[in-house]
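Two complexes are shown next, each including chain A; its partner changes from chain B in the first to chain C in the second.
Right, the complex of A and B next:
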């Protein structure tokens, strides 16, 4: 405690004004008008991840060289890191704040690194423990169905997945060529889900072998049968011999069935399926030409895929639109019109407009139509409301039939793996709420990441553990004084002449060293990573270090509320609020 | 070992030989080469000293205040605007009784922009509680650094060692560089009175109420009053070890002279030649070199001017509204004395203009010829 000194004069006084003891008695916290506090916020990557991955958290684990820890974090939200790390179109990276500084963190490659590391360790998800009595049926073993199965199993439900094909995986198995997604990666992640006690029954088709009425033993059903029917062009001759659907061709190749193709293949379409088909055709030793009615800028296929296709010798003819399929000298003859770009349409892309009398002819041995996929509605149970080519659901995934939920490509036009995984997770949470008689909609709103629609199940499973302010951290809220430009790392790709020899994976997993470097690039937006800037800068020594995780704490006895910690935090993990008067 | 080195290199040698622990500085012409020399040695690992990069002179001094409080020997160097920017921290260093040594290379303060020699920068810091020592040549620069640490650490006050821009800073002269062993035996390691100890935390420079503040200032004054004695002992000790000494002042020329010329810095060197020549011509004139400006060597000066009737002072500085600062200080120190020679206050050589032998002779002739000055300021070499 303070002691007032009374000196008679200079001769009694020390040379300088210095206290003889410590100043702990002087609780300067009483001077504070504003209060700093540690508060994790939402990083833009997570908010943009349709699968709801806790990206910053798993990258932090990588940076700490705790790869198993990183795997555990990913598995909280997503059973398919090996798949997503390879084929997700990574919207997280387009929102990465680092993109405003130099280049986004290569998040997808880090996710893949973690998944492949875990597989080397032979990491498996353990059994979920004692099961509840309720049973849930899932129809369709694609990413939506299996994500739903995974999370329901973690919630201790007895889950059976029905799959019409002979192998599980849905579009992941049928639609994606193995040079992008090797089958063993998919098998590994599916078997991890099975290891939780999920039963998969293959060769059972909805509508034919199985009707909703047969599922009386199940207290809830999740329908995720996908969108497997190739959209037609609606032009004369498309039903003739020599014309194939892109998806059918990919299925055949993926199921290692024999495919008989001529040398010259025309592929119609500009999406990822068209690119997958063309690149697969090249790998079968044939020539592939893609015909697309708009220009490259409007192509819906991912840019990287287009680049790789061109590298591999795929030809793309832009601004041509087939109007008739005929025959000539044993070849298919495609009659096309040249197009030009007009005004923007509702998709925001410039509408292709035919140029009159610009007819041209393209000959090919086979023509493959890859103009998009749609849902097969014929086998769906009655009572499901459909609109504009999808099944309509409530926000929680529930349908008009009580206890029946739907998700994945069946219910959305955003047909990506990550969206499917996210919708499966949402359905799992909603089914759990439904079976427990809770308000599913309210619960889902409570567990949105940022403003949604991305969703986290972690907070649902472990309430109070990973609290984050839904505010999504902007670039302007970060302190760039503490970051230096660093080059974005990339997965290496095999040489083109090697690639086109077969269906071996094109890109390779990051090495440990590269992954560590890349993890260091993460700003860790809104998430304390114990960089200790606050500890170093606090002029009052009022940042306390603790042993546990999230070890820093403000010592409010002495913190004067100057706000330096708030300003100097590189990642916006400290908030400041006015002190209650 | 004798080396041909610039004044700034002499500073660097002095710092190296003094085993300085921490250097923090911000570059400014004409000081820059001091810091270059030191930072290169530190970067190459040959000098085991911490160099703290800073964004300003204010921060440089603030950093040294921290380091010196922590109990290590510190150094910085600056000039002109840099010194002005440090002003607040100069008070802090002396108020906290920190024996920091700083070199200031005298340079005019703008505007108009000017990088040449002028004492206005260091003299405008005369009231900050720092000891100020002015040097005449590169040997004196090196020797003064070594003495400065010993004086500073004995009286617990910071010392500013001052040298002229370019005339010394960038001009090479033969300098005897003592060996590390010789300096080690002269300058012991620094032992702080109130070292920082994490086991026994203290608050430094804590708020002090009016009932005690004045006494701390009194203690600083008392320390200043010890300086003449302490620095004489240090100088004597230095002379006995190295064969060179400087004193607070030095009188040269004719012994019974009635006219004395008082100078500081490199003007003294030029004055020595002029006075030797005038003495040979039969003129009764002598020179007075002022090395120590703070604390002002009143006693020493009074003892050295006995019998003189007139004192000419050449000031390479101007306190506008009064005149030359050395002349002003001299007048103030003579006022309570019985013998009060006339003070002729010449102002010359501002902004680096050469103070030539002709100008010095003109000042002496004026003083000889006039019974009293025609004003407080006598402009020397001014183009009217």
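Right, the complex of A and C next:
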């Protein structure tokens, strides 16, 4: 113990001026005018992830070579890492702060690496334990429905999923070709959800085999039947023979049904379905030409997909719009108008404007329309409000019918896998709140990531753990002194001539070494990863290492509040505030 | 993730009197971690006569000997001789002096000890002025800097004394520059020096928030910018001849370093150019020495 000395006279003093004690009694913390404190903040990647993945947390686990830990973290929020790592449009990467330094971290490939690592270990999610008495029915086994089922099962509900097709997976199975998402990856993640005790009943269609009234035993229902109907072009001749819908073709291929196609295929549309169709057609040994009414810049399909399609020999004709589908010499004859780009429309893209008298003709054996998908409303129960092609829900996913929730493509025009997964998770949280008589709306606001709309269920399941400030860390708040430029790693792709031979997956999973290198590139924005800068640079030795907890602690007895820890924290995980009076 | 291998032992205790954000306190903490407990450290007059506390207290957890301003290296020579007489080879004898106690007032004692190749480690904690006594200029104060004795109306006209060249010319076995923004480098050099017999010299650059009129949280940043701008390059000299430079990959103009410090606020663009030229010249000279 440190003590201060009181000498009553010279006789009590030592013979020479030698020190007798330490300075620990001198609590220099009293000098402090500003107070540093550890405070994790929200990384931009997570805030941008529609599925609400805790991206920094899982990447940091990879960096520690704890791949199983990384898998567990992803599974807190998302039951489909293998799917998302392959087919998500990864908005996280465009928000990655590393993009302002060199290039964004290849987050999607790391997620895929973790998922594939877990599958090598044959990792399964354990049963959720004792079930509650309430039962929940989910209609539709796509990413929204299965995400909802997954989280409800973790919340101990008895969940039954009804699926009209003979196999579960919804659009993941029917709409995505297996060269992008191999069926075994999907099957594995679905079976992991089933392993939690979720029952999937296939071959049961809403409206035909099943009506809302039949679900009296279920205390809540989640409808996620998707958007499976191809949008028509509303031009003469589109109902004729030789004209197919893009989704129908993809379904046939995905269910390994025989597809008879001529040699020259015209594909109408500029979205991902059009690209998927064209690339599938190429794999069937045919020629595919995409007709799109705007230019490449406005194409809604993902850039990588367009590039891969072009590499594989898909032709794209821009600024042409079909106005009539006719017949000539046994071929389909598409009459088109050339377009030019006008003013921006409500989507922010330049509107295509027809050039008068610019008619041209394109011949093809088959024409496939892939100009977007719509919801099928005919089988939906009465009482659901619909507007502009979607079912309307409250913020918590509830509908006009008490106990009935809806989500996924059915309720949104942001039709991506990640959005569907996020929407299923939100519904699971809302259904839990509803069944427990809690305020779902308030609960959802409480668990937004950053300012939302992404949502985290982790905090809902484990209140008080891994708390973080909703503030989203900006690039300016990071300290770049501690990072060296490092090249973004990429998944390797097989050669074009191999790719077009069949439906084998195009890209491959990162190797362990590459994944580790890439995980090192993560800035860990707003999240302490124990780099120890604060500890090393503290002039007052006032950073205490807490062995048992994943964090350090400021010793306020001695911290003088210089702020070095705050400035030198590479990732903005330390805050500084004025000391209160 | 960077896991530092910096020793966890704390030999500089709590409650010391260094100003908030003191670069030298970081330097001292790291230095003592590197040298370990079996060290006797001699302190000629400097901030470090008072920082560890006043009698009868001390926050040093090693034997510290306070000495007169002129006598750092001479006192250390004596301590070494006494330990040798007692047959204690293990204990390291080190000096911790300021730039005043090294470049100016203690230079003769240091030169004498170096010429005799006394078996001691001399650390010059350089904060570029007499910061303990009211921020007067020393011969370590850089060109054009403000101090209370080189006020804005007449800033320092002479460039910083090249103490490393002086020490190199004594042909001592080891001399190195180091600074707090590079703790692994600092610790490596101290431990390397510890393992060498003879006079070893570490020129340790430590920002002084009040004396340099800078924010207390910027000590590490400024220390790093000193290296990146090459106004304080990191290098080692063995036996007065063999130079090794620890080059920074990201080089910045000296302006980036100057603009964070109030002591350079009065500098005109022309002054900054002059400083840059001075930095470039000194760097060129160092490179030539390193190449031959």
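The rule is short, and it goes like this: the second predicted complex is superposed on the first by the 559 of 581 C-alpha atoms of A that agree within 3 Å, B and C clash if a C-alpha of one lies under 4 Å from a C-alpha of the other, contacts with A are read in each partner's own complex, and residues count from 1 in each chain.
Following the convention adopted for this analysis, contacts are C-beta pairs under 8 Å (C-beta built on N, C-alpha and C of every residue); 3 or more make two chains touch, one makes a residue touch a chain.
Computed from a prediction, not measured in an experiment: that's the story for all the values here.
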Between chain B (first) and chain C (second), which, if any, makes contact with A:445: first, second, both or neither?
-> neither
After superposition on the shared chain, which partner residues are touched by A:255: those of chain B (first), chain C (second), both, or neither?
-> neither
Per-residue contact with chain A, leading partner among chain C and chain B | C
After superposition on the shared chain, which partner residues are touched by A:63: those of chain B (first), chain C (second), both, or neither?
-> second
Now for A:15: first (chain B), second (chain C), both, or neither, which partner does it touch?
-> first
Taking the superposition as given, does A:539 touch the first partner, chain B, the second, chain C, both, or neither?
-> second
Could you say whether A:27 touches chain B, chain C, both of them, or neither, answering first, second, both or neither?
-> second
Indicate the residue numbers of chain A shared between its chain B interface and its chain C interface, in ascending order.
-> 13-14, 17-23
Quick one: which bits of chain A touch chain B in the complex? Just the residue numbers, please.
-> 7, 9-10, 13-23
Residues of chain C touching chain A in the complex = 1-4, 6, 8, 10, 12-23, 25-26, 29-30, 52-53, 55-59, 61, 180-181, 183, 209, 215-221, 224, 249
In the complex with chain A, residue positions of chain B that touch it = 95-97, 156, 193-194, 200-208, 212, 215-216, 218-219, 222
Chain C partner, complex, touching residues on chain A are 2, 5, 13-14, 17-28, 31-32, 60, 63-64, 481-482, 484, 520, 529-532, 536-542, 545, 555, 557-558, 560-564, 566-568, 576
